[in-house]
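Both of the next two complexes hold chain A, though its partner changes from chain B to chain C.
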Partner chain A sequence: MIQKITLTPFNSFVIPFMAGVLFLLVVCIWKYIRWIRLFNEEQRAVLRKNWISWNIFPAIWEMLREGLLHIRIFKRNVVLGIMHQAYALGWFLLIVAGAMESMSAVRHLNSDNSPEFASELISQGNWIAYSKTDTPATDILQNNPENVKIHYKRPLHLAIFYRYFLHSNSPQFKNAKFYANLMDALLLYVFLGLTLAVIKIFRSRLMGMRNTTRHTIIDRFSKMSLWCIFPLRFLAESVTASLYGNGGFWTLSLAKLFDPVIVEGMEMSLWLFYSIMLTIFFVTMPFTRYMHIFTELFLIYFRKIGMTECNAKSGYSMFELNACSRCGICIDGCPLNRDVNGHKVQAVYLIRSIRMKERASVIRTMSTDCLMCGQCSIACPVQIDIASLRKIQRNKGAIDTRGNYSYLHGMRSPFNAMGRVAYFGGCMSHLTPGITTAMEQIFNAAGIKYWHMDHHATICCGRPLEQQGFFNQAAELREKNKRLLEESGAEMLVTSCPICYQSFTKEYKLDIPVMHHTVFIDKLISEGRLTVRHGQAKTAYHDPCELGRGMGIYNEPRRVLEAVSNPQTVKLERENSICCGFNLGNTVLGINDQTKIRNAAIENLTESGAETIATACPMCKKAFLHNTKQPVRDIAELVAENIILEN
Partner chain B sequence: MKDFGFAIEKPRALDTDKTNRELYTRLLKREPSFARCFQCGMCSATCSARNFTDYNIRRIHTLFRQGQTQELDQMLKACMLCGKCTLVCPRGVNLRHLIIQMRKLLNND
Partner chain C sequence: MSTVAIIGAGVAGIEAAHVLASNGIKVKLFEKGASALKNIQDKAFLFPNFQSAQEIVTELSAKLLSDNIETFYETEIINLGNSQNSWVLTDKSGHEYVAQAVLVSTGYKVFDASRKEELGYGIYKGVITSLDMENMIRYDKIVNAVNSQPRNIVFLQCVGSRDEKVGNHYCSKLCCVTAVKQAIEVKKRLPQCQVSVFYMDLRMWGQGFEEMYRQAQEQYKINFVRGRISESASTFDGRLQIKSEDTLLGLPLKMTADLLVLMVGMEPSTGTTDLGKKCNICGEYGFIESLNPHIADNKTAIEGLYVAGTAKRPMTVQDCINDGRSAAVTIQDSLRTKNQSSNAD
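Showing the complex of A and B:
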């Protein structure tokens, strides 16, 4: 009769590890359930509707690409990408390869069924044997070794502490040496990331970062435990290798330096330290920046199924807040860091303060002091919707009552606007009337019937209020403008102001197409409705924040500019262009700081040797005007100067 | 009675000794650039809301300085926060922040 016995690896040092894993699991599940319950109606509807859809595949693809490979960081900076990838991919593969290694080993041991080896493992004290019958497993092994079926268990910790539990003279399974070398290679890969991380602390410029995040104490503590995990694993494996001769190329090479007699006593304690470091990391993880590891994956999934941030703090914002790894990539680009001192308000700090529930006044100051230029959103490798998170915080501090806009009731659209192109200059173009005049010339030259909506008086588009968190007042203004447009029967809307353009496109939900004037002119020129001559002026184009980063329009203005002038290459352009400093996003920034940012932007533009500075935003134009030696022109003005009229 | 568009205002006398300047000093702390204002009226001239109504930032400033704050909150609600006033101000007063802070002070925040 065949008797069954079961062997499972155990040593007291796995207890902290298992406790840590259990704690992490419980806390994470508890947090995630709580946040999902915090979803508002809109987000719940999305989740109910789309939780299983084809979008899961792109979501999984992005999880792999951003969670493990970190392609976005790579695109920004290769060395930084290698560092983040080595950590994420290296550790992930280490776990996968470890699991596969222990799986193959156990499968081999089970099929091998060698009673001698089993008794040896038991005698070493690291494997516990038990049987289902009353007879103890050791007796079965001794008395009846022929008729015993040994079953080896594979608990979670076998993969993590594999070299300790299976070392001496184990019956070699087929790819044992390959796995040992693979694990060493992966550990070496993680060490590469670790080395780069240490370099980043002392010489961040070598890693392509001018500024790095200043972390809190608990974050640093957690980071230290993370940094200790891998060297301790390496040391522990090397000591075991020097005693028993197992391990791959790297551990064995270090093992040769050790005297087995001396290091024998250290083996247990090294493995214990390794386990404790893992435990510290797991226990601190849900309360530190490392919470991003799993949260990022959830966020990618929710985003891919169509969830967005809304006007109040919700479960989705909790996922966004916790998906921030505080990598600090957003700090460098911020104009309030680059050109002005003393504004520690970057996305990473704001998100941390909200997450750590700092005092309301601190968070309020941080959230208001921001130009909303969008540099951080472009830089963020997790693509957190920082502008919306900021608006939610601003809304908390704002007195968001209904406005007193009864004076707008009298506004009526004219009878002759039917079927025309509505032209909305925006508030700011009233300060730079050259733009509206130029646009009128262009409309006339192209033979387009237009209706200048705000020729005499303008109703603000609502975005300035929206950005400051006055959601109700902004909605009132939007309603007014929307009614005006719908009543008029205009078939298209052209705006000169990128702020209005973004508002009309994203928030109004109009039935008619909305275009920025650069896009409109580009269309006119390419359709041959407008003929322009190629001027000789050397121009430098300034990408307005709201048009470029806000709406992703980079090529149309450049095409128009190429048609009428000689555009020069600017050092920081497209996504990286500097804000003009006068963006409406910031209400608290004083004139001195605004001027500093503006001067940096002007310097960036004039370095190219341009004779004329070209913009596509009345606000940027107003900011630059009279502060440069070069004339500042809007693209519409440059086009209007160079129109060839066909008689 | 027929409305000719004119009205006779009630006679008012302002006792400057009894002016409540508490709110004004608190406002100055929150937005020090207000002290630079020399009441030129550029802000009111360029104001979008001023195009439609008698909303007048310069007047509001004066009333706020004098502590006559009874109807100011309702008046300030007419602001669309478009920021033209801030851009044209020759003294670099941060008017948008000023308006937000005025409303906060008037609402005891």
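Showing the complex of A and C:
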């Protein structure tokens, strides 16, 4: 009769590791369930509707791309990319390869069914044998070695402490040497990341980062444990290798330097320290920035199936907040960091403060002091919707202003604009009459019937209020403007202000097309309805935040500018363009700081020797006009100056 | 025999040249433009006594007719160098001039009103600056955008002064009284025209100013409104619609006007800023900084280099004349001390 015995690897040093894993698992599951329960109605609906859909595939692709390969960081800076990738991909592959290695080994041992080997393992004391019968497993093995079926168990920790548990006369399964070398190579890869991380502390500029995040104590503590894990694993494996001759090329080469007699006593403690470091990391992980590791994957999935932020903190916000790895890539580009001092309000700090539930006044100050220029959203490798997270913190829904706009109730469109283009200059264009008069000239020259709304009645588009968290009030204004437009019968809406343009496009949901004037002029020129002369002015185009980063309009203004002038190259342009400093997103920034940011933007624009600064936003134009010797023109004005009138 | 170089033939420069020359000191007077007294020639009448600016020009010009004064027009000094008790001045074409002391009286320019685009200068014909208005008064041709007689004229104070957005925190000092003067001049010529002055606060600091202000309200019925104009727009008939707030009543205000007169402030002239930067004597806003505003207001941080007039700060014509004279005396004193000490050696 064949008797079955089971062997499982065990040593007391795996206890902390297993406890750590269990803790991490419980806490993460508990947190994720809690956050999913916090989803609002809209997000629940999205989840119900799309939880299984084709979008899962792009989601998985992005998880691989950004969770492991970190392509976005690579695009930003190769060395920084290697650092992040070595950590993420290296460790991931280490786990995968380790699991495969232990799997192959156990499969080999099970089929080999060698009682001698089993006895040896048991005698070393690292494997515990037991049987289902009353006879102890060791007795079965000794008395009846021919008729025994040995089953090797493969618990989680076998892969992690593989070299310790299977060292002496390691079973020479197929590819055993390959796996040993592969594991060493992967460990070397992780070490590369570790080395770069250490270098980054002293020379972050080598990785394209001028400023790095100032971490809290618990984050640093957790990071230290992470940094210790791999050297300890390497040391422990090398010591084991020097004693038993197992391991790959790298561990063996270090093992040769050790005297087995001396290091023998250190073996256990090194494996124990390795286990403890893993435990510390796992236990601290849910409370530190390393929570991003798993959360990012969830966030990518939720985002891909169509979930978005709303006006209040929701479960989705919790995923966003926790997906931030505090890598600090958002800090450099922020105008409040680059050009002025004393504003520690960057996305990374705001998100941390919200996550760590700091005092409400602290969070309010941080969320208010921001230009909302969108520079950080562009930089964020996780693509967290920072602007919305900030807006949520600015929510002033509790302030009751009902009746404030009662004087607008009777407002009706006084003009029948049926079949016309409605032109909405916007509040800011009231302050830059140069732009509106130029637009009128362009409409007339192109023979377009238009209705200049500002001449009759216009209300603010609502976006400045929206940005400051007055959501109800903004909605009220939008309602009135929408009715005004619908009643007029206009066919299309052209606006000169990118702030209004963004609002009309994203928040109004109008039935008629909405265009920014640069897009409209570009269309007129390409359709041949407007003929322009190529002027000689050397221009430099300033991408307004709301038009570029906000709405992704980069090419149309450039094409128009190309047609009427000689645009010069600008160092920081397109999505990297510097905010003019006077964005309405920030109502608390002092004039001195605004001026500094503006001057930095002007310097960036005029470095290449441009004579005229060209922009497409009345806000930016006003900001530049106030403090520069160079002429500042809106693209519409440059076009109006260069119109060729045909008979 | 000492030679003093004076850069800028404006009010302060000429007055200083005159005083130095009549004390037997040789003066080389450099002027970037083709003629002297460019800034004051734009003016019609001077407050507080409504004296014709032309009279002042004639009188000051006569002071240049001295054997000791050598005038160089269209000569822009672009570099100053100090070597062994004497100054070498280099002009644009590379000529060099030597002097024992240099007086910088490079003056001011007015604020470019088109930088405040919301006010519509350069866009709407009805928006003019105080200089344009001065010319209208001088040639007695006060007209609106369509060349007819205006019915409503609005003056706006502090354009480019006391305005942190354009970076000029300082008060230009004389626009308040200039607006009162111009408003009265307008009323004298067009008694039917409605005239309003929008102000932040009126600073009637000089002798006779307060009386003029009172006269403007009581005798000429000029309307003074405390409030800034936020924007102007054109109406269909080519007039202007301005938006403001009457901050004493606390009410928003819309008004239709034929002319909006922007009381532009004073900024250092490009020559002032350039020379100031070159010699490292630039103070705030590009004006030249004097060594001590009380006891050495004509001296600069560099010995032998002096400053007078609006190159230092906004000043009235009266102040400039006084400052020119004071600079001349300061220069004379130091030249004498220097000569005595060199004689003693």
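The rule we apply is simple: the second predicted complex is superposed on the first by the 633 of 647 C-alpha atoms of A that agree within 3 Å, B and C clash if a C-alpha of one lies under 4 Å from a C-alpha of the other, contacts with A are read in each partner's own complex, and residues count from 1 in each chain.
In the analysis below, contacts are C-beta pairs under 8 Å (C-beta built on N, C-alpha and C of every residue); 3 or more make two chains touch, one makes a residue touch a chain.
What you see is a predicted model, and the numbers here were worked out from it, not measured in a lab.
Q: Does chain B (first) or chain C (second) touch A:230, or do both, or does neither?
A: neither
Q: Does chain B (first) or chain C (second) touch A:430, or do both, or does neither?
A: Once the two structures are laid over each other on A, A:430 reaches both partners.
Q: Determine, under the contact definition given at the top, whether A:626 touches first (chain B), second (chain C), both, or neither.
A: A:626: touches chain C, not chain B.
Q: Should A:588 be classified as contacting the first partner (chain B), the second (chain C), both, or neither?
A: So A:588 only meets chain B here.
Q: Tell me the contact category for A:165 with respect to chain B and chain C: first, second, both or neither.
A: neither
Q: Is A:281 contacted by the first partner chain B, the second partner chain C, both or neither?
A: A:281: touches no partner chain.
Q: Who touches more of chain A, chain B or chain C?
A: On the superposition, B touches more of the residues of chain A.
Q: Just which bits of chain A does chain B share with chain C as contact spots?
A: Correct list for chain A: 430-431, 591, 622.
Q: Per the contact definition, I'd like the list of chain C residues that touch chain A in the complex.
A: 114-118, 120, 122-124, 164-167, 230-234
Q: Spell out the residues on chain B that touch chain A in their complex, using ranges where they run on.
A: Touch list, chain B to chain A: 33, 46, 48-49, 51-53, 55, 74-75, 77-78, 80-84, 87-88, 92, 94, 96-97, 100, 103-104, 107, 109.
Q: Report the residues of chain A in contact with chain C in the complex, numbered from low to high.
A: 430-434, 437, 591, 595, 621-622, 625-627
Q: With touch defined as at the start, can you tell me which chain A residues reach chain B in the complex?
A: On the chain A side, the touching residues are 398-399, 401-405, 407-408, 410-411, 427-428, 430-431, 456-460, 462, 464-465, 468, 470, 473, 477, 582, 584, 587-592, 619, 622-623.
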